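Each of the two complexes below includes chain A, the first together with chain B, the second together with chain C.
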Partner chain A sequence: MRELELFFGPQHLGMVGNFSITLSVEGDKILKATSDPGFLHRGFEKLMECRTWMQNFPLVCRINVVEPDHMEMVYAMAVEKLAGIEVPERAHWVRSIYLELARIASHLFGLWAYSNMLGFDTAAQWAMYHRDLILDLFEELTGGRVYHIYIWPGGVRRDFPEGFTDKIVKTLHSIGKSVPDYNDTFFKNPLFYERTRNIGKVTREEAEKWGGVGQVLRATGKPFDIRKVEPYAAYDKVDFNIPTREEGDAYSRIMVIRDEMIESVHLIFKLIEGLPKGKVYNKVPNPFKWKIKEGESYVRVESSRGELGLYLVSDGGDKPYRAHFRTPSYSHGLTVLEKVLEGANISDVGNIMISMYVCAPEIDR
Partner chain B sequence: MDKKTSVLSPLKALKYLFKKPKTLRYPFELKEPAERYRGLHLNDWEKCVGCGNCADICPNEAIVMKEIPGLESGDGKRNERPEIDYGRCCFCGLCVDICPTGSLKLSRDYLHIHFDPGTFKLLAKDENTDKEHFLPEKEYSILKASLTHRRENYEGFSSDLEYALFNPERVQMSQLSPQERKSSFIEQVKGFSASEAMKEASRCLECKLCEEACPAGMNIVDYVRNLWEGNLEESVRDIYKTNPLPGVCGRVCTHNCESACVLGHRGEPVSIRWLKRYVVDNLPLSEYKKVLETEDIKSTGKKVAVVGAGPGGLSAAYYLRLLGYEVVIFEKLPKPGGMMRYGIPEYRLPYEALDKDIEYIKSVGVDIKCGTTIGEDITLTELRDNYDAVFVSTGFHTGRSTGVSGSENSHVFQAIELLRKVTMKEEIEVTDKIMVIGGGDVAMDISRTLARLQTKKFGAVNVTLSCLEARDIMPATPEEIEEALEEGIKMYPGWGPEKIIIEKEKIKGIVMKKCLSVFDEEGKFNPEFNGEEKKKFECSMVVEAIGQAPDFSFLTEDIKEKLEYEGRRMKVNEYGQTSLPWLFIGGDIMRGPDVINAIDTGHKAARGIDKFISRGEKK
Partner chain C sequence: MNKKNLIDGLKLTFADIRVNKDEDELMKIYAKKEQVKTILRYLKDNGYDHLALVSCVDWINEGEFGLIYILTSYADNNEAYKETGDVYLKTRISRRKPETESVIENFENAEPYEREIHELFGVDFIGHPRLIPLFLDRNYEVPPFRKNFDTRKYVKDFFESIPAVSEEKT
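Our next item is the complex of A and B:
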């Protein structure tokens, strides 16, 4: 049989985002896959070098449209570590609640992408709707629906409005009521199960070797989560579980995501219960006269896709000397994906890619 | 392995066919944006001062400041307003959080659709400034929504001081307590420590409204920035570009800059005056010449005479000397400094600080001849003949009298004369009940000086002050009034003297009448009294501090004839040059009423004199 070279993306129905994979196929079987990023390179890291510490704050969230909040968090943490800024206790809790909401919103968005791609349109529409309910909460808290520009160095930008925690609880309850519907139509649907079982399998050793984090690693049984490994915000103040699965295939990855959403809801309830009183922002220096002493910092958070890190260097000036993001999709999309696609079927390319939550804007920054 | 459901179970989703759809049929079904929504900008033009901080912070350079003809400029305002380019704006709202006045907000409007990108620029206004485009809810239609079809009272994300990007609170200056102050002439303000100065300097937003308000146009933003960066020497150089008396101005300047500071709108202005003081107090005099690069001044061989060693004269002399002129200052009083030494009390301006500034001016080669009175020891004509140009800044050293009955009594004094005597360590009369008439800074100075002398002599303060002006329009600086009150001085603003009661050549009291208004409709001084409402105060000494006048007795008739006048003042050009080309004036006799104005007139005259001499114009 003849070997063919096939371009999968950036214009392809199975592709989400501006990303491309070059496949060598023989019939339906993939012999070799080469990730081809670069369609979405916007030069954020370079751009950050010519903006002041404060001006970068509305910028970083735009690196990844699906996950702006963890980007904000990681930037704020890196600046706080570099400049030695203390964050008020309440701000830590508010940040945690906000980040868990963001995790659920991001997972719902991912769920939409995944179910939509596999043809489960009903669940996809529900996921979009439920995500919108969380965006309503974000809108009320921050004034923006997608780019919230909320977590900034020193704390958060505004405190919860009156009665906001009740609204969170109410919204999450109303979303929670739909879990059986999701199970019936999607997660426990035999069609979905057959479509994803034993697809894109990764063993724990492979995941660790190739730089797999987040669901890719947790679906192989390793409970690796930065919230536990290196707690930030208020994650060390409350107890929560890390959902894992053993099989390491696409199905177990998506089930980890489902369980994570449910765990996040419980976590938010616990955080709301323990939410301390006080202020949520310690003033940072005047943005026109803010220099940070020479030094470097590396901080990491658990985004909805896995470990997200930021390496930030200051040369003592009013702008970062260098900023570099370590994003989960980078290793998932460039290393793990290439390996896993070898020997897979063409019809499973999108399936595998989205089950690993590969998100193009994280790869090209 | 999880238990799987039946292949038919997804069909349960069909139940939603019989439920009300969640989708909103936009634009017929609207969703109200949240209260904090970050939409299109709103700007209250009444509150906005055009400082431009929004444009500076904008990460996308979406905001430019547009000059608006017809808007007033000056006094902490600029006739510019922000124009936002919505092709660039990312709605982050940093502009709102930096806005010192709180005029800039974001609204809940967010729609604008147009084929022409040119229409994406908007001079942000709000419903008060733009009634035409901001419509009540009834007239507003979402179908027409755009940058110029907006809803009124639709405020979204707005400024909150707690989360503002600037610090509205200044670093508190440590001062002596009123109790400590009353009993001595020790300087009241202690000055900043290094860390306090840095912290205070770091509050400056660099909008330069202060520089526009400073009569001398000092490079405030530069010297504050250099101070913040720890570069004191550069900071001193910035200061000396326009002000050779920073030790004085750092203490007693009327600080128009601070009144103009944008941070003052919702907080406290940057302590620019104390920062200047910190800079110069922390550089030893021995370093000055090296730092300011004045060790070797090339001489032009030309000579200039300066009359009066006050701030105007010293400033002119210093800058003339820098240009290479041989400068001689003639001063009537025993020591240089003019009103800075003989008018301002020691607790506000210690002599060491003044001496440091003057010592430096002397050290660059300015010759000061004290105890020389023009018109007596040497005439103006002689100066004209022996020098290439003459600069006169003789100041306002003669007190004005109220002229009411009894004011000719020997226990009625002029504030300015008493202050001069205190400086010269002469004995002055201090009784246990003193009445001070006047509401300006001189009145405060003499009241507080007398309060100190009373404390020393009687152990208690009994000074009463009254002035024509009501409390809110008293001409003295607010903090001076505050501090005088703290020191136990009683104040009766809004009263004018009618007569001083004298029995056997001794003052028994004073009768005051209620003043209704000080100025007439044309803005001229023309007080109106209510003759029926009167008050009697007991006192044994009266001090008049209602203003000072110049003394032009040194002008001879032939010179007077040739001078042209505008009203009561001599006619001068921008350099202080009179109609006699060799004669320049400055200080209070040209433009008052404070040190910084005098410094500016001196500096300008120096440039004028340089022009005049170097062009070789005829005397």
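Our next item is the complex of A and C:
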């Protein structure tokens, strides 16, 4: 049979985001896959070298469109570590609640992409609607729906308004009521099971060898989560589970995402219960004249896709000397995906890619 | 194995390396570029099995590129890792002839990182199977993430030379 070259994306129905995969195919079997993420290069890391420490906040949150909040968090943490700024206790808890809300919003967006791609349009529309309810909360809290710039060095920009925690609980309850509906239409649907079982299988050894984190690793039975490995914010003060599955295929990855959403909701309830009183912001020096002493730091958080890190270098000036984001999709999209696609079927390319939660803007910073 | 054993073992196995010994500081290993591959192998065998990041910093005043490999661990019961935290392996290479050995043999996920550094800083990785472009679609005289790349001049030269649509028609 003749070997053909097939361009999957960036303009393709099965493709979500600005990403392309060049496939060598024989019949409908893939012989070789080459990822090409370069459709979005904005040079954020270079641009950050020309902006002051505070001016960079509107930039970093735009790196990943789907979950800007973890980007803010990781940058704020890196700046705090370099400058030695303390964060008040309440701010840690507020940050955790906020980040968990962001995780649910991001997972719902991912659920939309995945179910939409597989043709389960009803569940996709629900997910989009429920994400909107969380965005309403963000709008009330920060003024922005998608980009919030809420977390700053030294704490958060403002405290929760009055009655806000009740609103969070109410919203989450109303989303939680739909979980059985989601199960019936999507997660426990036999069609979905048939479509994703044994697709894009990764063993634990392979996942570790290829630098897998997040769902890719947790779907193979390994409870690797930065919130437990290297706790930040208030995650070491409350107890929570890390959902895992054993099979390592697309189905188990999606089920891990589902369980994570439910676990995040429980986690938010626990955090709201224990929310301490106090101030939420420690004053930082004048942002126009703020110079940070020489040094380097690598900090990491668990974003909704896995380990998100930032390597930040200061040369003692008022701007970062070098910033380098370690994003979870980077290894997943460029290493794991290429290896897993070898030998797979053309019809499963989008399926495998989205089940690994590859998000192109994150790769091409 | 704990932190002290690890540091002693490293010093015993490799000559001329410097290990940061401060108690609560980060663990940084400074090595020559020829040693990087074997040190990574050594650390991988001792439980540091997750290469989180390979990064490059342009120290233009010193005429050098700083390469940094950040290693963490997947294991839950890694005693040394609990003490040391992330390990930074650092090396410097000359800016005049920026080349070093690829570490893909040790960590497969280093492949895109090395490709990126090759593209954005112009560092050659010997033994890398495909140093093809990753993000950029034009050729640059100076690789764009180097400090001597003049962004303003580039924007001026590149975009101002494109005529406006109305001018083009007439």
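Assume the second predicted complex is superposed on the first by the 365 of 365 C-alpha atoms of A that agree within 3 Å, B and C clash if a C-alpha of one lies under 4 Å from a C-alpha of the other, contacts with A are read in each partner's own complex, and residues count from 1 in each chain.
The rule is short, and it goes like this: a residue touches a chain if its C-beta (ideal position, glycine included) is under 8 Å from a C-beta of that chain, and two chains touch if they have at least 3 such contacts.
What you see is a predicted model; the values in this text were computed from it and never measured.
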Superposed partners chain B and chain C on chain A - clash or fit: fit
Where the C-alpha centre of chain A sits as vertex, the angle toward chain B and chain C in the overlay (nearest 10 degrees): 80
Touched partner set for A:181, first chain B, second chain C, both or neither: first
Partner chain in contact with A:288 - chain B first, chain C second, else both or neither: first
Chain A residues touched - chain C or chain B, whichever exceeds: B
Touching partner for A:46 - first (chain B), second (chain C), both, neither: second
Partner chain(s) touched by A:149 [first = chain B, second = chain C, both, neither]: first
Closest approach of chain C to chain B (Cα atoms, Å): 15
Overlap of chain C and chain B interfaces on chain A (superposed complexes): none
Chain C-facing residues of chain A, complex: 37-38, 41, 43, 45-46, 50, 208-211, 217, 222, 224, 230, 296, 298, 300, 307, 309, 311, 313, 321-322, 324, 326, 330-331, 334-335, 364
Interface residues, chain A side, partner chain B - complex: 51, 54-59, 62, 122, 129, 136, 139-144, 147, 149, 157-158, 161, 181, 183-186, 188-191, 193, 255, 279, 281, 283, 285-289
Partner chain A, residues of chain C touching it in the complex: 49-53, 55, 57-58, 68, 70, 74, 85-86, 88, 107-109, 111-113, 133-137, 144-145, 151
Touch list for chain B against partner chain A, complex: 2-7, 9-10, 12-13, 22, 33-38, 56-57, 59, 90-94, 97-98, 106, 156-157, 160, 162-163, 165-167, 201-206, 225, 228
